[in-house]
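Heads up, there are several structures right after this.
Here chain A shows up in two complexes: once beside chain B, once beside chain C.
Right, the complex of A and B next:
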């Protein structure tokens, strides 16, 4: 009896020591990854506040200045690119919602021939190499005058935004039971009342999340604007190439350029945390 | 909308439903589909153009049938591009999978620290490839980069990063990993949260070791989630364009010239669209096959994990 108690005590002490080591190792691992994942962003903030001279001779100690922000936002057309990017990515998301949400509804509610094939066809657009799609589109757009126009870009961006929204929103529609719709119908609601007053409020969280995620993807698109926009329309990603290619010595301004491009996305990302996994996996994983 | 809502029931005789009702779902999908199909046309055009000598530099074009294809298969640069594509996809996907799963397992314990980190870790995922390259160039710059200063401390001076044959692939994979590891991380975390409790309790009661539990319970049950991550990441890595283009335009030399880059440079730098298209169509076929295999496997695993 006595020995058993003793044995138990040492084993408890041993497991306590083990779990202390394990939690130390866990926190160490997490901190290491946090350094890798977050330090580059922190470094951008630091660089953006340094003067050009401080870039070379200091690391962390410096007197913060806003001159870099001044130079980039007021001195160049970067802000212009910011707004043009907003129009293109925003326009793409609006078009996707108008055309894609009804499609998502049909794919969720109706049984019809070739439904699954159709749904997979829509998904497969996501897996098509962008360069392959863009080459013929480039030649076609130049012929029909859509090259370097807002509408041309918004249309092509549908390849990014539409499959995402259709697949995610479809999942949210499927979670609403048919009885709710039927009950509303019995109460004399017209179909558009059922849709806008009952269904849309129910899928709103999913719709907002997938729309914001689609916006982020469209905002980030690189290949499409690289090929399909010229002098008139300049998105952030393409304009930022200027900072990469040039042998600039104004490193602080480079940091500002990066931060301005990233900040709207980080805000959006904070807003949709709860639905992020579901959106990113096209509805395959319900987080 | 309402009367066909009932059409969700299991057995429907399509002939009994009035044709206007039967066609309704197609009408509703039509706008979305039309917008996408407008973009599908390019696929057909791509196959067609690959059989011509179409070029941005020439005023006319003519059929040359399969010459572009046979030329591509004879060209060493084609095999080089395929090799770079496969290597990049392998390194990037594997690194992200291992790191993502590992960090997700570390985050499993629900503490304040881990909850805050989980939100912060999603930030790099939002960064555009070109902007990520910008950020890392500022980190690795030989004159002002903080990593250069760190490496100097260890006696390494002027680490070449993207400018040397030996380290260019590493640099591109590093940036890709920085951006995309959180994707795997989030998927696996969602998987962990969905794990049933009872098998783990049973294993603990039976005195199973942590490694045994991970190998026989945790990992198999997380496999469907990892497979979804594998599918999305592998597809993107096979087609990677943005990061490599912004980083070095495929250089130095042809070190990072994967199929996407070769296709782009052949058509836009040299204007030879017909020559570039076989490369890109091969890439598309590769992606199509890999995606098909992975989707099938994933479904099987998901069923297995649910115990069917």
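Right, the complex of A and C next:
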């Protein structure tokens, strides 16, 4: 009896020690990975605080300066480009959600002719490189007056954002059994209520994750705003080019521009991290 | 609280017909059971009444009013779905409260709490109110689904296999509760099941459904004692009814039956003989339930010799299968019966309870005292 107790105690102690080692190893691994993943960001912050003269110093010693920030944020209309980018990318995502979620619902629920062909057609918008279709779009936009307008860009961004949202959200709708909708109807909810009270909470993880990805793609888009806008509207991706002058590259200023450019994405990711992890892995809504 | 009438309903999915020209009249406050094998159209029928499936032909009436064009939420029906259809993002309490929070059937929160407490107590899930559906076992989910259905007082309760996933003890208990509740609430209930015990204990009336048509409509006694054909006969009763070939013989003005390869013909009741004579057929199928077959391990005059094929104790009784010249006869034996396989055994047939079917079509012809047995009170099943 006594020995048994002792044996039990030692085994408990052993397993405790083992789990402590395991968690230490796990944390160490994660720390290493975090360092690896965050290094570019840290490097960018460091670059943004250096003067151009110190840029090529390999020694980790410099006098920090805010001159780059001064030059980019106050010296140019970079903020203007930031907000224009926000309007275009944000507008594109909003339009995608408003049009894409019903489209995804239709593709998931209704049975109509050529349904799969249509779904594939939507996906195929992502296949062609942007540079391939940009020239005809450019001529068309010139003709119908969409060149250099917010709406023109928002519209053409749908090529990037729509397929992603439709395909992810469609999968989520398919996971929800029709009977759940029917049960809600019998409970006395009208279709509109069923949609917002029952369906939307269930597709939320997928919707948030895919909308965020869509936003990032739209935010980072380069080819479309380069060709389809220029005078009135300038997105950040285009404006950033300005710091690469013909004679010299102002790395410090590029770093500041890049830091500002990634900040909304980083913030958004931090806020909806929870959904992001769950959102793109299917099977989250099984009852 | 409502009478449900279906008139000539035809429902097709693409080319496949799920319901064919089906008519049904469920009286107010009736406990009506739809019984049949998988794929018979039972669920489709419920959904047609609920309004979530639309028939191509025919009319659905609730209290005499045609509701074909009425949306499901306005029909005021409440349904238990076979796959529960619980809202995954809501806890048990909110799931059950959901019908009373919709715009159409809104109640105040105090009333909701009272009602939810009532049904969850009855269903024994009052400990689980804060859980989400994915933290529940199948039996618990099913009870939540029943709770969401029972919490309202609708025109009609539609229940699609509501007890299928409960364990045996709880199923038995819930069966009683449902019956009790139905009579207390005075609400029409249409109940789908493929369990014949549930059917017989709950139903005021039964419709046996097969391939989108009603095979037979009647009380459980009628189903059991005068099935419309061999199909229905086989559905009710455990063990399955014995159906074997028989040949009618007329000798000196007395009609007798030869079956199971016996020299000695079996006697027939007078009313049965008259009906069989009228039907005028030499060959018939004879249906006899396991409880109407007796057995001895020693020879009895007039009994039929066979050998034990299997002997399966199932708790309160033993199902013995006796092989008689290649025909297997199921019979119910007392639960202390022990025997080895292939032992000779003599069986006696209680021909008073035999049911006669046409040999080709399997349609019911006659049984002894059909009206008498169907009027019998008190459900004491021989098997």
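Convention: the second predicted complex is superposed on the first by the 217 of 287 C-alpha atoms of A that agree within 3 Å, B and C clash if a C-alpha of one lies under 4 Å from a C-alpha of the other, contacts with A are read in each partner's own complex, and residues count from 1 in each chain.
We take it that a residue touches a chain if its C-beta (ideal position, glycine included) is under 8 Å from a C-beta of that chain, and two chains touch if they have at least 3 such contacts.
Given the structure is predicted, the values throughout are model-derived calculations rather than measurements.
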{"item": "Touching partner for A:100 - first (chain B), second (chain C), both, neither", "value": "first"}
{"item": "Which partner, chain B or chain C, touches more chain A residues", "value": "B"}
{"item": "Partner chain(s) touched by A:122 [first = chain B, second = chain C, both, neither]", "value": "first"}
{"item": "Which of chain B and chain C A:208 touches, first, second, both or neither", "value": "neither"}
{"item": "Chain B versus chain C as contact partner of A:185, first or second or both or neither", "value": "both"}
{"item": "Contacts of A:45 with chain B and chain C, given as first, second, both or neither", "value": "neither"}
{"item": "A:20 touches, of chain B and chain C: first, second, both or neither?", "value": "neither"}
{"item": "Overlap of the chain B and chain C footprints on chain A, listed as residue numbers", "value": "182, 184-185, 285-287"}
{"item": "Residues of chain A defined as touching chain B within the complex", "value": "23, 26-27, 29-30, 33-34, 36-38, 40-41, 43-44, 47, 55-56, 59, 95, 98-100, 102-103, 105-107, 109-113, 115, 118, 122, 124-137, 139-140, 155-156, 158-159, 162-163, 166, 178, 181-182, 184-185, 191, 194-195, 216, 219-223, 226-227, 236-238, 240-241, 243-244, 251, 254-255, 257-258, 261-262, 265-266, 268-270, 273, 276-277, 280-281, 284-287"}
{"item": "Chain B - residues contacting chain A, complex", "value": "1-8, 12, 14, 22, 24-26, 28-29, 31-33, 35-36, 38-39, 41-43, 45-46, 49, 54, 99, 102-103, 106-107, 109, 113-114, 117, 119-131, 133-139, 141, 143-144, 146, 149, 178, 181-183, 186-187, 189-191, 193, 225, 228, 232, 235, 239, 241-242, 245-246, 259-260, 263-264, 267-268, 273, 276-277, 280-281, 283-284, 287-288, 291"}
{"item": "Footprint of chain A on chain C - complex, ascending", "value": "47, 50, 52, 71-73, 75, 77-79, 81, 83-89, 98-99, 102-105, 133-134, 141, 148"}
{"item": "Complex contacts: residues of chain A adjacent to chain C", "value": "177, 179-180, 182-190, 193, 198, 201-202, 285-287"}
